[in-house]
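Look at the two complexes coming up: chain A is in both, with chain B in one and chain C in the other.
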Partner chain A sequence: MNRTARANRITEDLLRPLLHTTWKFYAAVTILGALVLMGLLTWLYQMMNGLAVTGDNWPVFWSFHETNFVFWIGISHAGTLISAILRMVYATWRRPVTRCAEAITAFALMIGALFPLIHLGRPWYAWWLIPYPSERGIWPNFRSPLTWDFFAINTYLTGSLLFLALPMIPDFAVVRDRTKGLRSKIYGLLALGWQGTPKQWHRLETAMHIMAIAIIPVAISVHTIVSFDFSMAVVPMWHSTIFGPYFVAGAIFSGIAALIIAMAILRKTLHLEQYLLPLHFQNLGKLLLTMSLLWGYFVFNERLTVWYGNTTHEMPAFWSTQSGTYAPLFWTMVFCNFILPFPFLAIRKMRTITGTVIASCGVVVGMWLERFLIIVPSLSHKPLPYSWGEYMPRWPELTIFAGSIAAMILLYTLFAKFIPIISIWELKVGEHAELKKAETVAAAEAAGELV
Partner chain B sequence: MAHHWGMAVDLDRCTGCGACVTACHAENNIPTVGPDEAARHRAMHWIRIERYWEGEFPDVQVKFRPVLCQQCNNAPCEPVCPTYASHHTEEGLNAQVYNRCFGTRYCANACSYNVRFFNWSNPVWDKPLHLQLNPDVSVREAGVMEKCTFCVQRINAGKIEAEAEGRELRDGELKPACVQSCTANALVFGDLNDPESAVSRLSRSARGSKLLEDMGTKPNVTYLQRESWHESNSKS
Partner chain C sequence: MKAVYALYPKPQSAQRAVDALRSAGYAMGDITILSSEPLEEYEFGQRDRETRMTWIAALGAAIGLATGYFLTSVTQNLWKINTGGMPIVSNFTNLIVIFELTMLGAIFATVITLLVTAQLPGRPSKIYDPEVSDGKILIGITDPRDSAAVQRALRAGGAEEVKTI
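Showing the complex of A and B:
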């Protein structure tokens, strides 16, 4: 196949989801939309009746909504961070993966950032977090980790959206040139006048490089600040210096798992078997294994120091997770995050697409449990035994969580429908480089230079 | 001289009768949430009597410990509030501005004593109880944190009255509802900046200790007891 024909096939394959719509798409959007609506209505119900409708209580003031917040912000570390690192080290296999990953980041962040609003007693006053010029001179309290959260998440969201949008410009231009009428006009606007001149390419690549470098410290700071929500408070097993790196590692861990699952679904539904290859799942599987080991190392460190320190304030919270009320959840978490993924990721023969997806499903469940187990057992066991308590979720928080999962899938479905989920131009650059290499090798062989 | 409010709680005197809890509810318009919500751990008692049992039946000793906001001088609840709803006053109180609270509940998590309470739903008073609300204390809506104020409305009223009469506040003149209702005189309230006040003298007592002193919260409440809790705990 010659070069132009290959390039054309890439364009056609990757634009197919945009240009052809099946009934399955409408069915998926309807069902997911209904679930999202259900979640939103439940939030409205919670606002009208107060947080009494949830299972939160004295002393477990934070539980499900806050777990979901940390969980979704964690998932958001899939994308930007992974894709930025892979870009920085010029990993060529990254090309079909980056956009899937960056889109996860954008959507998971939007959903994650909703949960601090959902959990508020009076969410209609959330704008008090903005340092607006007030006639009474009142600003938000910059000593509060929740204020840090507000700025960190907004910075990360802005950065991630830019990072996602920049490499889409040339692809918008491809869609603009391939379509007619209104669609061509809309994509033309989005393409921002892209003509593909050398000057434009140079600027785009410079901008992408700057963003890739800038987004890494931002991503790390975001989850560190999320961990500060807990570690700044003098609560048993929260007040720990390990939380920053522990949370960042956990976030990347769950992010890679979410990315593997999303890629497997895209591969099947959009018929991208030619582009998302077993190699990609293998490489991401290796990354997932690394993070699983790192996560295990952090959990071991955290638990060992608390157990060895043996302070009266911390031990009740510690034992409630090891052998008490929350032990079944704790050991399920260890199984899902460490024991189950290990054979699937460590043994080369099992590191297939199915194998990595099974491991990833375990990790996503396990990482949700991890956040729950950080929040609830500690609040249940604060220093005065008289004030110990327990927590059981009730239907509103479960419904809102289900709605948030549906929202994630819905946003992703719509994104894959309107934007090429694999970066067309980056793939072509890769093909071009490989063909060129093959040609050079062939020429060298012909000249007898290589044995 | 500026005031610095404090309290002494004499555990050797406390009978655990619960009058302080009732008086506090009445004075501060604290809603009662009913049996179902109470079973869900939503009861709001700005002051509570903690009961601890020591020993095995029949050789059992019951200990009572009234726990209210310790009005910490180094309060964990204050810096974590993103809106300054929870803040420190010049007279050493941990104040809660209900109107400025949007209910993150972070202060309640940070508080080591669990003496902050959240309005899970809007308060309801069955008729005719709605007529007995204290006009000096605002009623809180759903989504807002609330806590013991050392009956700040009484403190302010007392200061105004003393100023109108052109005199200094007398020691023992100001009594929060819990102190006023305590039949055993186990609770003593006053100005810690006055070294001769009853509360100052009791706070310096050899029987005195602070609750969870090692947390470094520097409470303005002192607990008095012949034998410290720590010693009796390590014996049992």
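Showing the complex of A and C:
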């Protein structure tokens, strides 16, 4: 197949989901939309009746909503960070993966950032976090980790959206040229008059390289700062210097798992078998294994230090997770994050698409449990025993959580419907590099230069 | 006639066309080159590589850093609140906000430089063909001095068809 034919095949394959809509799409949007609506209505119910409708009560006032906040921010680390690192090291296999990953970041961040607002009870006061002086001239407290969250999440969200959007411009131009009527006009507007001059290409690639350099430390800072929400407080098992890297490692871990699941679903539903290859799952599986080992190392460090310290104010929280109320959740987490993924990811024959997806499903569940186990047992066992208490979620937080999962899938579905989920131009670059290599080898063989 | 162009399926033939046009007396800047992917391994794809985007990004970062520093330190001095025994201007904690605004400055500067220098959104040039999106490379000249010479040069690159506007 020659260069133009290859380019055409790529374009047609990747534009197919945009140009052809099946009943499955409408069914998925309807069901997911209903779940999102249910979540929103529950949030409204919570706003009208107060946080008392949730299981939040003395002494556990941070629970499900904070768990979801940390969980979604963690999931967001799949995309932009992985994509930026792969771009920086010029990993050629990254091309079909980057946009799938970057989209996860954008949507997971949006959903994650909603949870502090949901937990505000009165979300209309959220603007107090904005660095804007009130009528009394008081500015937000820049020493507060919650204000740091505002800056970190917004910087990461802005950077990630731009990092996602910039490489889409040439693809919008392709859709503009391939369609007619209103659709062509809309994509023409989104393409910003892109033509593909050498100058435009070079500026885009330079910008992406600079953005990749800038976004990596921002991504790491985001989850470090999320960990500061906990580690800055003198609460049993929170006040730890390991929390920053521990949270970052956990975030990347859960992010890669979410990416593998999303890629497997896209591969199946959009028939992208030619582009999302077993190699991509293999490579991401290796990364997931590395992060699983790193996560295990951090958990061991964290737990050993607390156990060895044997301080009276920390041990009740510690034992509640090892052999007390929260032990079943703790050991399920260890199973999901470490024991289950290990054979699927470490044994080469088992590191198949199915194997990596099973391991990833375990990791996503395990990492949600990890977030829950960081927050709730510590608050349940503060230093003074008279203030101990248990937490049990009620239907509002469960419904809102279900709504957030549906929102993530819905946004992703809509994204894949309206935007090529794999970067067309980046894929062409990869295909043509391979073609050029094959032509060079063929020419050398013909000239008798290869033995 | 406002423009003459041809479409090439291979970058090698596009390079030959560019070389022929230059032999015909056209400067590199006069030749329109459009493709659906970056082709930097070819000489014609190397055009307009010079950019100060990195320096502008660094400048954006510096502006972000200064903004972060003044936003935190000036506002903390406006209403002096003792928080947990920390200094009024607590640079240790302010570093987090300063860092985020520094990176935001670099990101914004990069994107603005991209949009300005790549002329996005821009007016479409006189020459464009949707076949570029199908993988073909467009080589052409706007307002040619000698249309016949341009057509000969474009055919020298291996173009099957030369189009005029």
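Observations on the structure shown:
Quick note on the criterion: the second predicted complex is superposed on the first by the 450 of 451 C-alpha atoms of A that agree within 3 Å, B and C clash if a C-alpha of one lies under 4 Å from a C-alpha of the other, contacts with A are read in each partner's own complex, and residues count from 1 in each chain.
FYI, a residue touches a chain if its C-beta (ideal position, glycine included) is under 8 Å from a C-beta of that chain, and two chains touch if they have at least 3 such contacts.
Everything numeric in this text was worked out from a predicted model, so none of it was measured.
After superposition on chain A, the partners chain B and chain C are accommodated together without colliding. Once chain A of one complex is fitted onto chain A of the other, the partner contacts of A:G389 are limited to chain B, with no touch recorded for chain C. In the overlay built on the shared chain, the residue A:W62 is in contact with chain B alone; chain C does not reach it. In the superposition on chain A, A:T147 makes contact with both chain B and chain C. Within the superposed three-chain model, A:A214 lies in touch with chain C and out of touch with chain B [touch as defined at top].
Measured by the number of chain A residues touched, the leading partner among chain B and chain C is C. Looking at the shared chain after the overlay, A:H119 reaches chain B, while chain C stays out of its contact range.
With the two structures brought together on chain A, the opening angle seen from the C-alpha centre of chain A toward chain B and chain C is 120°, to the nearest 10. In the superposition on chain A, contact is made by A:A233 with chain B only, not with chain C.
Once chain A of one complex is fitted onto chain A of the other, the partner contacts of A:I169 are limited to chain C, with no touch recorded for chain B.
Once chain A of one complex is fitted onto chain A of the other, the partner contacts of A:W128 are limited to chain B, with no touch recorded for chain C.
Minimum Cα-Cα distance between chain B and chain C in the superposed model: 5 Å.
In the superposition on chain A, chain A positions 138, 141, 143, 147 are in contact with chain B in one complex as well as with chain C in the other. Every residue of chain A that touches chain B in the complex is listed here, in rising order: 49-52, 55-62, 116, 119-123, 125-126, 128-129, 138, 140-141, 143-147, 150, 229, 232-235, 379, 382-387, 389. Within the complex, the chain C residues that touch chain A are 9-10, 32-41, 44-49, 51, 53-54, 57, 71-72, 75-76, 78-79, 81, 83-84, 86, 90, 93-94, 96-97, 99-101, 103-104, 106-107, 110-111, 113-115, 117-125, 128, 130, 132-136. On the chain B side of its complex with chain A, the touching residues are 37, 40-44, 48, 50-52, 65, 67, 76, 79-84, 100-106, 108-110, 112-114, 117-122, 141-145, 211-212, 215. Residues 2-4, 6-8, 11, 131, 133, 137-139, 141-143, 147-148, 151-152, 154-155, 158-159, 162, 166, 169-170, 173-174, 176-178, 192-207, 210-211, 214-215, 217-218, 221, 225, 425, 428-429, 432, 436 of chain A are the ones that touch chain C when the two sit in their complex.
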